[in-house]
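In structure tokens below, several structures.
The two complexes that follow have chain A in common; it is paired with chain B in the first and with chain C in the second.
Moving on, here comes the complex of A and B:
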């Protein structure tokens, strides 16, 4: 007989031994928590996160936090969801700020209000630490679901050397779309039909494309989605039509922007190599440009057509639903520590993101840093006109509904008007089940 | 047991041979027990991760959850019809067919060419073989990241060399008309060396004496290829075709790294579509339905190929 009694006995003993080994550890040792963190920009972030968590653990003997690298923003959402589904949610996650609404709708987030109240602070006091523009993506139905951790805005990057060459003054960057178009025309170089230097590059790949469309729409006076309710997007509006038409004109009328959909890394490489004289890109790429540009560059606000406005980007700290009380409490301690002025300032200097905590900019280290790197100020100044980041039910597919159509326009396969009508139709379809359960469900 | 009196056999009498059969079966089982035991670990994993998962997919395909607040409900074949009505799915199927044919034929052709050219054992040939096999060893993700930079518009390696010749530089991965072909190039580059191995093995199985006889009979290289090598390679061909077809459906790493199915779904393949449904749309029902359809198509295709193979081998 193969499954002899001795074997069975052995298996049973091994099982009970394993049980005996794990249970006391859970009862006596420090509370063990996991922090999922993405690296959306370059690899140095992982090392910085290790430093940060080590420091936290040394200062908090009752908690043992482990930082778990989870890839891009999108991957982090996927992995967090998988962990929640498996019944083993991480205790805290650095989550792309615009995924919070979708997760809240899916009942995947812990409402942070009780934790804030338990600290003896009010919601207003707690949120008051952060730049007002960031609160829109952290608060859902007047409850706090996320704590802003590192954030970004889109910026206009200008190759100052090329601008001077073309007779433009880089200390007075373009402030309106008209001026930008003019700059782009002067900065485009041709040899016959062939373009050897593009005036401007704007990224359009999944994720980035939606963010840039939101940027252009906002500076054209519009809004992109209903900030109060997750079931409506405004793709088929004059403000968005104007935005996409201008982008289309840059490509096909003025011929100062390369045709086709170009991903973010291709845009920054193009800018660094001098192939594109200007680009619109996240402040998250600022460190990369600072380290790699072999020419003088200038960072400026996104020019307006109607008003100055930009969406925020970046990530917030969240606590997934379904955690034990002690883990929740430990995670909350970690989150408060990480978003304190000193730590968020340190993280900002290490990574290039800006610090959401306003007090961070009053710390001596930060004042020093900004004096040395004035280009890091632009994104912070632009925050005065920043607005929340696109967030709906099923954010990623709804965003893709628009992006697919914008890509067709940039490839000359569709005109802006029909593309946006198609995008609106597709998004309405994606949002239909949610609306049927909420806004269309009559009492 | 005699043929003359089958109807007259009493029940008890038929039990004896059955018992004997059982005994023989048990005897055989005992003899092959070690073999089964050796297979057991794989069987456990296969059951857990392949058949179990397949069963789960089958069940999941029948259910749907419209929104988080709505309860999960039984919808029968609704998911299947929803998938079939989705233009993104039909688009992905068409893309996948183009991709399968467009990568299988050139990569198999190249593989055969390489194998024929490098069939003789020779120091130079070994180096060349290794060089051609090298892309196989590079992980698809790494290869894709590499090609991402080769295809980079305006500043990439490809544009650096070809750009001087073309009046307008194509945005290789950003143009829906070109992106799928660009992705296919990587697959062909990566798979040709792999299939070459099978053809090299196949060529070694071609009997030397037959070739020699043909040579003595005055058959030229083309005649030898047409009438001896090609028929001998038939099983290899069929095997490689099956592998290439399966690869066309199972390889999506490059889509994931390079285009995420874009621009405008022009590089969306079936497996990536399933991933999108499950992960981005969070729609397990539809993802399961699409998986079932793909599974059925693949199983049908594989069965057909093996049948053809068996027929060919058994034939004259």
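Moving on, here comes the complex of A and C:
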């Protein structure tokens, strides 16, 4: 043996000593951190994100942050998880707000409580900056795991010109499903069997479809999942059946909604081009509509069947588990900076998402902006009736269990009742391992 | 129709007086037109000014006031020369190593005798059944352990060996008469010399067919490079392009997307147009249709 055990030990000790000695020297250089961000908006905003991070780096010479583009919300989750498992966790991620619970269950998140305490603030003070409706997706088991960054609620967009043309008053938008159905009927134009203008468009593509189902179910008095426990979803329930049946009726009974599952961009394009007179879409599309609509438009609350309620959407900033202390601290500095009233307001004006930090609405820039664009107020007002976004164990597969079935219904291949029963069965199967470890594990 | 006459002149001479081949030819032309429409639309959309609004976006008629604004926007958002270079490095890097590995592996399976040959070959082929997504996490941990996270080598690594390529080369080598190899053996050629001077030159069509498949699939790969690459300057084209095509909440700038897509596919398209004849003949002779 060339190397004795003693020699190896000696080498190891010398190595760690050298490491300890060089450490202060290394700490003088900037701490390099990566921020993973999805692009929930078009390319212009990818540039805006670049601008934001550049500004941060200029103001914080001891931190060098790099913005890493990571695809859609779902891709971002895959990439973050793969990076954590590969031992290369990013320092911060703009993560779809409803993935936090699943990540916390898998021990992939840093509990932010100690970082908040180290700043000399309490959890309540820290969370108090944000709209109360957002806290459900940020707090798990009374600990803070995420900081709201850009958030949305679904909205009803109405082409006011077309409404007037059809003898409807756009200043009194439909408030109930009955009124909305009536509006949609009046706004649908036909030439023989061919529809030249649809009354309403509602998106259904992976990710969006689950969110829209939650929207409709909530305004039908129900809920999508158990907010207190990650192992239960309520797919096969009267409230969800009513919601899906109404959506199905819009397509196949009233024929005011185009058949098939339409992705979000196709919905906004069809609204802008006048092919659909109304649409249900995220606040995140507001800037796009404002910039492209060549007609008067109106933004309204999502109509109710039983009650006014909408889910939160959008993303929170998280810190993955397994980071070195200095990176964690630098990431925390970045997160606090990005969610400050000024930056949060700036991002809101650029995107159309609302600013989660309530103080953002008191900044002069924002007051000015809202005076010029009163349509941006609707989403904020709707926050009074907003509730958390569905979040379960394995959120993405559980969501897809429902979405696959809803798509079949919209494509005319299944009836709502059997679709929901199948979705419930599939979701129960997906949730089984978690329930076996939690609610069904008896002492 | 002058154009049709000219097209017919290109139809095979022997079939010029029959009806069925003519119908077939017309059908092919129709299919080609259907195939061309998205390209035309992409070209038209690229040149359409934003002031035309989204209403005209779906139209095939070009705008009266064409503009290069979209191209400029796409160019500014993405560092396209860098992305193109990265993609080219990835594709050629993978292909060069693959040529070596599939030649040697294909030869071993076609001509060498060893214990468990058939079993190992089937195990090799089973790799084709695996969905690549399944291997993302194990592959990524391996790449990270090797210190290749966020490097182009890390992107290339998992594809250095190709089950499909090995299979293809095995088939090609098996079709070569053993007499040729025996003759070389008598002349005193070593194993590598025999591969180099007999098997490789006689399997050129299979090599080019494989090269096309390999390059196009890695040119279009999105998820794996997205996983490995963090630094913006190491992005390949697909990841760079999706920065402004992927959306979650429903808005899209079609003009910019069209311009970006055109930039991404242009190199591949131009290469195809230049080497068109060669590509097609290599597919015909290697039996992939």
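Just so it is clear, the second predicted complex is superposed on the first by the 415 of 443 C-alpha atoms of A that agree within 3 Å, B and C clash if a C-alpha of one lies under 4 Å from a C-alpha of the other, contacts with A are read in each partner's own complex, and residues count from 1 in each chain.
Just so it is clear, a contact is a pair of C-beta atoms (placed from the backbone, for glycine too) under 8 Å apart; a residue touches a chain by one contact, two chains touch by 3 or more.
From a predicted model like this one, the values you see are computed outputs, not experimental measurements.
Enquirer: Between chain B and chain C, positioned on chain A by superposition, is the outcome a clash or a fit?
Expert: In the arrangement built by aligning on chain A, the partners chain C and chain B clash.
Enquirer: Is A:119 touching the first partner chain B, the second partner chain C, both, or neither of them?
Expert: After superposing on A, A:119 lies clear of both chain B and chain C.
Enquirer: Figure out whether A:47 sits in contact with chain B (first) or chain C (second), or with both, or with neither.
Expert: So A:47 only meets chain C here.
Enquirer: For A:418, is the partner it touches chain B (first), chain C (second), both, or none of the two (neither)?
Expert: It touches nothing on chain B or chain C.
Enquirer: After lining up the shared chain so the two structures overlap, which partner does A:429 touch, if you call chain B first and chain C second: first, second, both or neither?
Expert: Once the two structures are laid over each other on A, A:429 reaches no partner at all.
Enquirer: Once chain A of both complexes is superposed, is A:269 in touch with chain B (first), chain C (second), both, or neither?
Expert: A:269 sits against chain B and chain C alike.
Enquirer: Of the two partner chains, chain B (first) and chain C (second), which one does A:284 touch, if any: first, second, both, or neither?
Expert: After superposing on A, A:284 lies in contact with chain C but is clear of chain B.
Enquirer: Scan A:81 for contacts with chain B and chain C and give back first, second, both or neither.
Expert: After superposition on chain A, A:81 lies in contact with both partners, chain B and chain C.
Enquirer: After the superposition on A, what does A:105 contact: first (chain B), second (chain C), both or neither?
Expert: A:105: touches chain B, not chain C.
Enquirer: Please write out, lowest number first, the residues of chain A touched by both chain B and chain C across the two complexes.
Expert: 78, 81, 263, 265, 269, 273
Enquirer: In the complex, go through chain A and note every residue touching chain B.
Expert: The touching residues are 2, 74, 78, 81, 105-107, 193-194, 198, 204-206, 258-263, 265-266, 269-270, 273, 275-276, 393-394, 396-397, 400, 403-405, 407-408, 410-411, 413, 430, 433-434, 436-437.
Enquirer: Using the touch rule from the top, collect the residues of chain B that touch chain A in their complex.
Expert: The contact residues of chain B facing chain A are 37, 66-70, 148, 152-155, 167-171, 173-177, 260, 262-265, 276, 279-282.
Enquirer: So in the complex, the part of chain C that touches chain A is made up of which residues?
Expert: Residue positions touching the partner: 53-55, 57-58, 73-74, 76-77, 136-137, 140-141, 143-145, 149-150, 222-223, 226-227, 230-232, 235, 239, 242-254, 256.
Enquirer: Show which residues of chain A lie in contact with chain C when the two form their complex.
Expert: Interface residues on chain A, with respect to chain C: 34, 38-44, 46-47, 66-73, 75, 78-79, 81-83, 85-88, 90, 152, 203, 207-208, 263-265, 267-269, 272-274, 281-282, 284-285, 287-289, 292, 294, 313.
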